[in-house]
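Every chain is named by a letter (A, B, C, D, E and F) in the order it is written, and numbering of its residues begins at 1.
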Amino acid sequence: MKISARNQLKGVVTEVSKGATTAHVKVDIGGQIVTASITNAAVDDLGLEPGKSAYVVIKASDVLVAVE
Amino acid sequence: MKISARNQLKGVVTEVSKGATTAHVKVDIGGQIVTASITNAAVDDLGLEPGKSAYVVIKASDVLVAVE
Amino acid sequence: MKISARNQLKGVVTEVSKGATTAHVKVDIGGQIVTASITNAAVDDLGLEPGKSAYVVIKASDVLVAVE
Amino acid sequence: MKISARNQLKGVVTEVSKGATTAHVKVDIGGQIVTASITNAAVDDLGLEPGKSAYVVIKASDVLVAVE
Amino acid sequence: MKISARNQLKGVVTEVSKGATTAHVKVDIGGQIVTASITNAAVDDLGLEPGKSAYVVIKASDVLVAVE
Amino acid sequence: MKISARNQLKGVVTEVSKGATTAHVKVDIGGQIVTASITNAAVDDLGLEPGKSAYVVIKASDVLVAVE
């Protein structure tokens, strides 16, 4: 499947923490860590666990920019 | 200002393309490029232009995860 | 690629309207039409045009519910 | 109330699962199921329960498109 | 229609600027101004123009918090 | 840090409710209450608690408009 999202960053899952319905998944994308908040069901479907290769996918309209 | 977003990735602006109301800004965050779709007004306010240091800021609930 | 988004609805593209930087794409998912606002670049990458099969992909945290 | 969201798909609630603060609500929109992740408080306010008619409401800028 | 979004703030439209496909609408919600980026089609459907009463509607998961 | 989000509304935290992974934070922005759904980790990082000054930050593309 090829998706319209402009941002598809390759990395490795480093941590998966499940809550009651929502999980937090951390992915190392080459030195920087991205945290995703997804459903527990998605974690199970994708078999996400530390060490697994994964992409973080982010729509361009969900990205903010900041400067110091 | 300190913000709640879990993802604040440091990089350098590489491209700014303004549309009629919406601009696309590309930021190099250490080898990977992130594209942000923000208002033209925000581009002006932050003085975004190629070469400028900037952070991409993404709420964890806006991040999807994919596997091959 | 397998993605975490809970909502992946199969359909057929019925309309593509490009703006200056942002395009509106309509997809018929079995009688109901879903409109997506994505970048012009994504339209080109995916070769979206009327008649093409496509999925609309929506993260569960981006869905609101309403009642009359 | 009339809302700006381009996507307002009519259906019937099929499942409501409450977590600690966040609930997952499934709505059947004519054969396809859409999952919404909303607050428990919203579930109570709208009286959402299986069998109830409801709309899923999605902003066009939150819709991605994918092709195989 | 009653909607699940936790944030429904009443105000008055003060400005509408249409772009190629996307419009920016400013709403005064009691002294503070909120800017919405919505489709031109939505502006037409809702008859938005300066002076008109309107609500800004924001899902709780789309709100960030910042401190100085 | 200066951020691209068009909406940065100043207020005071009135309530913080933590769930398993996600917290709901209410901020009074001059009479109207805005609810944010953010991670528990963000609540701790920012030291959010009732009485603390805070901004709610919302990207323009996440704001819907409704009329009666």
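In this section, contacts are C-beta pairs under 8 Å (C-beta built on N, C-alpha and C of every residue); 3 or more make two chains touch, one makes a residue touch a chain.
Remember, predicted model here, so these are calculated numbers, not experimental data.
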item: Any chain in contact with chain C as well as chain F; value: A, B, D, E
item: Option in A-D, B-F or A-B whose residue-number contact pairs overlap E-F by over half; value: A-B
item: Chain A and chain F: spacing of chain centres that average the CA atoms, whole Å; value: 23
item: Mean-CA-position distance for chain E and chain D (Å); value: 21
item: Centroid spacing, where centroids are CA-atom means, of chain C and chain D in whole angstrom; value: 17
item: Chain A residues counted as touching two or more neighbouring chains; value: 1-6, 19-22, 24, 35-39, 41-42, 46, 55, 57, 59-62, 64-68
item: Chain A-facing residues of chain F, complex; value: 1-5, 19-22, 39, 41, 59, 61
item: Chain A residues within the chain C interface of the complex; value: 1-6, 36-39, 41-43, 45-46, 55, 57, 59-61
item: Chain C partner contacts - residues on chain D that touch it in the complex; value: 3, 5-10, 13, 24-25, 27, 29-32, 34-38, 42, 46-48, 52-68
item: Complex contact set, residues of chain A against chain F; value: 17-24, 35, 37, 61-62, 64-68
